[in-house]
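Some structures are shown below for you to check.
In what comes next, subunit A is part of two complexes: it sits with subunit B in the first one and with subunit C in the second one.
Let's look at the complex of A and B:
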């Protein structure tokens, strides 16, 4: 009896595993196809029938770097993203701490943060463009960094605040009565405790800035366009070089996928701004 | 847990603490608040001012042209605007409903027992994080009518090729693309809900003779409702602001069948260069989105004020 129910269970598990292999293969097909396109000769992609089995090549990557100059886009993306992430975390962490532990209210600021988070980017696109023009900051790293920092601060404060809230308030109260200043409590006690959450927030901001498209479209032309913007270049190009597009898509999407995997434990909390744990 | 807050302190200490508190809160939040005010607040105010002018970049001197609410009344009377509202609403309602349904299904399936469950849970997240601009350009390749792989696969199954990016089908194609990318978001959150479901309650119900369907209908689903609501609320806000994917796939076309509010605002600003009008659209857009997301803002805010230790 016992063995047969155990075999039954194993069989069921095996069947569901098989089912998931098929479902995942179908569901992820667009992604797989994208990756394959990057490693396949362009003519094989648009030939009919499409080649599922082909001789892999790095021609797309070669074209991408030697003809398209894609390294410039990747470097721009890396610079803008890394600088933005550092600034966002640096500015948001103290605010998140203060709103979690020091202030009992701070209600107006919390509502302002939520509204700032929810307002669609395109709603400030035109004035941001006009102001950047007036300040002669079009097509610069600074402009992209400033706007990306501002756009991500509300999210970062809100999420980090939820991590700070997990620290029990008596810890801070004890430290304060022992004579610690608020800044010491923040740097010496709180930061080490929420380091994981802070890293997770940094990764989410990284993904957000790395994927950002609209402000790059509005604010940049030739000097500081980022990698997502290169996709638009491919689109308007006559006679698309699909192997290069596939290679570019692979290079742009891989870092964010890897980061998401690393941070999977925090994904739910991050995606819902801390409202689901 | 809340002892430290309820133990009364002597008046002097409380007053001293409060004064310190106010100034630290200000110093700790000032940099972030200042950046938000300058970089997000100022443009919004600017844009409200521009929306009352007839400023067009192609008409010199028109930025001084103060025309009151004319832009707003014009927009509310234009058929293009209402067409974009219609597209946005169809896109939002259909995409989010499908994502909800598929998300529940995938979450339940991922919650079963099978080998490599963790791996599949990870793999199914991939679409969610791919750069939207990349998704847009790539689905354009998949959707190509003559050389696209979708039509090839349909052909091998014996179906006629579908004109994916044509007048009649394009909006559906945009929705399918978004369902593909955003269903994992629902799966992720609903799966978190499933994992927090108390197993003992389920076993008790089963012991009382409830079948799988009854357990799902009367135990699992009610438990999942708040998770579904949160996911849907976040996704609705996301859908409202969606731009990159649609822009890369269709540029809002053909005609204006996939021109959502965001694409419409972009085109008015950066193709027609009508500043007065596009800022007015932006303001209508902001009010529209805030009205729709008010319940979520309220929920998040209330949650934030109560979930202390």
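Let's look at the complex of A and C:
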């Protein structure tokens, strides 16, 4: 009896392990293949059957920096992303606090925020382009920052509001009674308590802005295109430069992965928000 | 320290009026307990005093000064919340000194006042701990410490003991009372627990549906409840109520609808009435050879007293005997009300009709 139950347990464990291995493979294989592509000659990538053992090369990276000027794209991405994240968090955090704790008439605004979030980006692509043209802001950092901030603020407010709502309202009342102004309640009491949630939101916004492609495509040409756009340039009339594509994809994805890895504690907190009191 | 006057204060949420019009005064240094069932408006009133809720009408005064529009932080009232509301990211000392730090008091003064309050509350060894490392009772003390350090004109307590277990609640009750006797700061204390109200208050304000049902010292409310609501609310277990008819014109003899005779002292105000509600506290009934016939349903000995659940003419009545009683379920007994202990109320208005 005992042996049979032990065998069952072992079998179940084995099956679970197998399941997770398959899942990990499904998730990790494309990324691994992409990274490998960056370190392979183009011919090795398209050869059939696929070559897992190959002679590594940095030709793709060399092409990126020496021919394409990829550093410019990376710098553009970094500027747009950092400024956007700072602005999004700077605007959203007080707004989320107000919606969670101060305003009693926030319902309509919340619905508006949700609607802003629901509208597909492509639907506003043309108007955004026209506005940027009229304001002579095409191909500028400002245009990209403004649109990224506008797109991400609703999401950030929505997410951070949930974090603020987890702070019991009596803490605000105690602080007010102790002599805090509303701003002091926000900075001295609320922010330290929702710092984890705020960082989680910042990570999500960072990923969103860094990976943003559509508005960068619409609003930029030669001065301020971001890194995801660079990927487009490797599909030429002579074929796809797989080594450069792989190298660029590796470089574009690395900051996101590193950032997410550093902040993973907060990311988990953001994703499991509300499940644990 | 100061007195606090609540003058014709109303509170409305849209079309809903939760406090119709309320007036009473809290004297300087007095310990006033607002007591009443959930939703009676007692916490709302406390929050209006603290400045955390706006008043919809009337005036709040501290001394002679109207404070209706004075922001919470300028009211010089310290509030202790039911859930303590300690700042989780600050140590005990930081929590207690936070209000002084906001007022930009010198570091030395903050430390001195925190140490003094910590000594009063026995928190000396806990000053460097964070709230999460404290027990419920310790957190409650820190919350009080935070209020004490401010040296406010008025203390406000919003059901501060509700989250504590029964034993700790009794201990903290005594500590808060001792603290008040020591500091003599005007205190308004909200609770739904009438025992807390009875044991701590100089004056109890019994509230119901936003109105004051009765106000007075604990013993005044116990001995002479103004109406059925107060009579039923104050005292534990609750007062027994039996419907009764006046047996004979101009006679104090009362009978329940089932024909059980209820002894009552002579009361001229009964003249002309045919129906009353007879109230008697459980602890004012004794076992006797004659009196009100009853049948025992449940016997609950607690050691110091015996609680009997009996029926009188089919109606439930609770009896608390100070001595041990040798009675069993199903047994027929006689109950003798203690002289002068019966309360009579108008069955329609609920108002007291005995003198």
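For the reader, a short list of remarks on this structure follows.
Methods note: the second predicted complex is superposed on the first by the 229 of 277 C-alpha atoms of A that agree within 3 Å, B and C clash if a C-alpha of one lies under 4 Å from a C-alpha of the other, contacts with A are read in each partner's own complex, and residues count from 1 in each chain.
Operating definition for what follows: a contact is a pair of C-beta atoms (placed from the backbone, for glycine too) under 8 Å apart; a residue touches a chain by one contact, two chains touch by 3 or more.
Just so we're clear, the structure is a prediction, and the values are computed from it rather than from any experiment.
Of the two partners, subunit B and subunit C, it is B that touches more residues of subunit A. Contacts of A:99 after superposition: subunit B is touched, whereas subunit C is not reached. Within the superposed three-chain model, A:168 lies in touch with subunit B and with subunit C [touch as defined at top].
In the superposed model, A:153 makes contact with subunit B only, not with subunit C.
In the superposition on chain A, contact of A:184 is made with subunit C only, not with subunit B.
By the document's definition of touching, of the two partners only subunit B reaches A:34; subunit C does not. Applying the stated contact rule after C-alpha superposition, one finds that A:130 touches subunit B and leaves subunit C untouched.
In the overlay built on the shared chain, the residue A:193 is in contact with subunit C alone; subunit B does not reach it. Counting contacts as defined above, subunit A residues 168, 170, 173 meet subunit B in one complex and subunit C in the other. By the touch criterion stated above, subunit B contacts subunit A in their complex at residues 4-5, 20-21, 24-25, 27-29, 31-33, 35-36, 38-40, 42-44, 46-47, 50, 109-110, 112-116, 120, 122-134, 136-142, 144, 146-147, 149, 152, 156, 180, 185, 188-189, 192-193, 227, 230-231, 234, 237, 240-241, 243-244, 247-248, 262, 265-266, 269-270, 275, 278-279, 282-283, 285-286, 289-290, 293, 296-297, 299-301, 303-305, 307-309. Partner subunit A is touched in their complex by these residues of subunit C: 47, 50-52, 72-73, 77-79, 81-83, 85-89, 98-99, 102-103, 146, 150. Residues of subunit A touching subunit C in their complex: 168, 170-171, 173-181, 184, 189, 192-193.
The touching residues of subunit A, when paired with subunit B in their complex, are 9, 12-14, 16-17, 19-20, 23-24, 27-28, 30-31, 33-34, 37, 45-50, 91-92, 94-95, 97-99, 102-103, 106-107, 109-116, 118-131, 146-147, 149-151, 153-154, 157-158, 161-162, 165, 168-170, 173, 182-183, 186, 207, 210-211, 213-214, 218, 227-229, 231-232, 234-235, 240, 242, 245, 248-249, 252-253, 256-257, 259-261, 264, 267-268, 271-273, 275-277.
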